[in-house]
Amino acid sequence: MLKRIIKKSVIAILTIYAIITISFLMVRFMPGDPLMHLVGQDRYYELLQDSPAELERIAQRYGLNDTLWDQYIHYMQSTVTLDFGIAYSNNQPVLDNVLYRAGWTLLLSVPTFIIGGLLGAVLGTIAGWKLGGTFDKVLTPVLLFLNTVPANCIGILFLVVFAFKLGWFPVNGMTSGGLSGLSKTADILWHGALPLTLLILFRTAGNFLLMKSNVSQIRDEEFITTAYSKGLSDNKVLFRHVVKNATLPFVTSLCMQLGGLLSGSMLIEVIFGWKGMGELFYSAVNTRDFPTAQLCFIISAVCIVAGNLLSDILIAAIDPRIKEGKFEY
Amino acid sequence: MSTEKMAKRAGTKKTKMNAAMIWGAAIVGVFVLVAVLAPVLAPYDPYKMGIPYIKPSAEHLLGTNDVGQDLLSELIYGTRISLFIGIFTSIIVTVVSLTLSLLSGYYKGAIDKAVTAITNITMGLPDLALTILLIAYLNPGKLSVIISISLTAWTGTARILRSRVLQLCEMPFIKIEQAIGMNDFIIMIKHIVPNLKDIILSRAALSVSAAMMTEAGLSFLGLGDFGAKSWGTILHYAFYQNGVIRNYYWWYLPPILCTSLAVLGFMLLGYYGAQKAKLVKNA
Amino acid sequence: MLEINHVSVEFASENRVLAVDDISIRLPDGSRTAIVGETGSGKSVLLLSIVRLLPRNAIVRGKIELDGENLLSADKKRLQQVRGGVVSYVPQGGGASMNPLLKVGYQVGEPLIEHKNYSRSQAVEASISLMKRFNLLNEEKLARSYPHTFSGGMRQRAMVAMGIAAGPRIILADEPTKGLDDKRVRLVADSINMLKEETLLCVTHDMSFAQAVSRDICVMYAAQQVEFGKSEEILNDALHPYTRDIINAMPENGMRYDDVGFAPAHGSYLNHSDGCRYRDRCRERSEKCVIMPPVFDVNGRKVRCWKYDSAN
């Protein structure tokens, strides 16, 4: 098992390395002046106008006149030392900006992960166990639809109905400002209610379909007939022989969701003006603020890789076939 | 015979579409028809400007937008763009994943290891983020959108196809072909690919729906092809030019409905088709 | 006493299939009966219908009486008491017959938790002595292992141990030798022969195994019972042409079975108008065989073939 973890960790590190290299190559090989990609479009044109000398100095700093290899070494150095440059928008280190925004995103995505995970698992188990029953027949089309329809479509409908028409929730933003303590918390909750509800609905739908398919597959396994042949009741078969087996693949998916905590809510953040990391990434791309966009990308990617690694380790810890190294997924 | 097999034999179905698939096919059929007949169906040139913000009326069945373009015509022409991107992406995704899975499943060994490693690494990438970043770097346009979506979208199909190819290669009829020295390429085309038909079709339909969904998101964010008006682009303007805030429902509602319906159509075809191909159990 | 009385099983789906066609067998206490037939003859379905473990789309007609109590009309609660407690179904010990995520000791001892109020640890403890009865070797270690570490033969014997755990009176064994080599078939036969008190009903496709474990043999073909009698009588002097064909095909008889057009017996079996189902493969067929033969009584033995029509 240890061997497996080491192997998976090596693969994870290689993946992260590949991601960082890809983003290096992207800057150098995409159409346009790489210098523009490095400082961002607005700043590039501003500098081009005002002080080409400064631009030249920056080119020097990034070593754009060096060989590609030297540039690469330099790039890796600054990445490892977490030096991602200064944001044009507010003259703060890019890293600080992104981390601050990440906190706001987590405020939405952590509850989504927990509630959506639990709801999806429980509802999916019931529907899969009683496949074709009323519960399944009513819930599946609804959740399949939710899982299918693009987030921005339902997002806008929610916005129109609950914020504009009914006026129950604010249209935009995260706080009303000027509040503190408990009332501030309540205010943030009030602002976050709509995006959070939507995110939970989507997540529940995805998890529901997954868990339902797991449970209904296991229900038809031979060992379930074995379990019934011992005289177990339906509930005992479900809890002793189905739930654990169905949870196993579910855990993999949960870990991947964990990896997507920072990058999964971009559309919703944009629609509801929630200034999280997804919204930052979006506006960075829109204003061609490449350093910020790139860091957002790298951080999201690293999270996803970490989530996948975690799922590999957990699976190995739960499944005896893998633990003893006799079975590979 | 085990009971399970017995039950399966008892329940063997002829290749028949179930109700959900028929619905899916009907929805998709209508949209394809609209896309093909766009010049005939559209009452106006979608780019022609006029009086803005007209409510739905006899002249403009779905009203006009902020620069007075006829929304019905925009919507009809938008069908072309949205479907084109969805279907074209799906074709690329399917071809790429089929090729990779045939190579890795049939030849195994080093090729398989390499393909599996590439698949695993690609699966580890944040797809939407990478797509958006790529589009930011590339010049905006249909092709960039298609390439950026395809780049990460092939992994799921490739995985499923590979495991199926591996299974097929163990079957006697393939072994016999190999034993009599039949050309590898011919074995793949004549004997393996036909056996993958159901999976390929259902995965392709799912790919269309996923690609259309991504495209809808991208063009809604204003990251799509500016020149072309897809449904997502219409929604983008409705949202950013205050159509939503002022509740010009004729502006934002139709693209939402069209996108949802089209995505649903392909999804029904794919999801319930996959059930038929025994990829997922029952819905 | 278990009495299977005119039982038919039909699978209701788009194409209806009759998997068991009007079968009657009496199993007095302590009897040992083997049902022999090829894949698809409906023998496993018959076994599962006794403990009501068939898929939901199965319709069972007739009566299955356990000491006079019709199991087909028993409620869920009662069925749970019967399964494993009175009548035990021992599934085929294939790779999927045990839960891959639970230890074997627990799975073997689980009927005791259910029927004898054992605690988890007591059940695992008991599973060790149960497995010892069937000489699995290293039982303490096995009880703590997961099913994937077991060989096919070990798994099958563990399944038998599981079946008898809670002391049922009737054992229904489903293809206990499927996929096993000769040596392991003998081990399984020995294990089953250790069950002296219990009534045994064993389904198999293997005539020599049936001979080794049973006193009565019921031969099934295409959902029907074609012959029933004492094991040695059937082995020495089979009546039905099909029985003779499978006995000739046994390895010890040199597999003398030149196939008469091996048409697999697949069909829906919904009506009897097509005549004897073995007709196409039968080397002794006559014009009469276009009509479905009834079951004839030949000196206490039963056979479904026109050759034994006493009116002749």
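Order of writing sets the labels: A, B and C. Residues in every chain begin at 1.
The criterion applied here is as follows: contacts are C-beta pairs under 8 Å (C-beta built on N, C-alpha and C of every residue); 3 or more make two chains touch, one makes a residue touch a chain.
Just so it is clear, the model here is predicted, and its values are computed rather than measured.
Identification of common neighbours of chain B and chain C yields A.
Of all chains, the one whose Cα centroid sits at the greatest distance from that of chain A is C.
Contact counts per chain pair peak at A-B. Put simply, the C-alpha centre of chain B and that of chain C have 50 angstrom between them. Mean C-alpha position of chain A lies 53 Å from that of chain C.
Remark: chain A and chain B have CA centroids separated by 22 Å (rounded to whole angstrom). Looking at chain C, residues 48, 92, 94 sit in touch with two or more other chains.
Residue positions 2-3 of chain B are each in touch with at least two other chains. Shared interface positions of chain A, defined as residues touching 2 or more other chains, are 222, 225.
Partner chain A is touched in their complex by these residues of chain C: 48, 51, 53, 76, 79-85, 88-92, 94, 96-102, 107, 110-111, 114-115, 146, 148-149, 159, 162-163, 166.
Every residue of chain B that touches chain A in the complex is listed here, in rising order: 2-4, 117, 120-121, 123-126, 128-130, 132-139, 209, 213, 216-217, 220-223, 235, 239, 244-245, 247, 249, 252, 256, 259-260, 263-264, 267, 271, 280-283. For chain A in complex with chain C, the residues that touch the partner chain are 221-223, 225-234, 236, 240-241, 244-245, 248, 318-321, 324, 326-327.
Contacts from chain A toward chain B in the complex involve residues 11-12, 14-15, 18-19, 23, 26-27, 30-32, 37, 131-132, 140, 144-145, 148-153, 156-157, 159-160, 164-165, 171, 213, 216-217, 220, 222, 225, 260, 263, 266-267, 270-271, 281-282, 285-286, 288, 290, 293-294, 296-297, 300-301, 303-305, 308.
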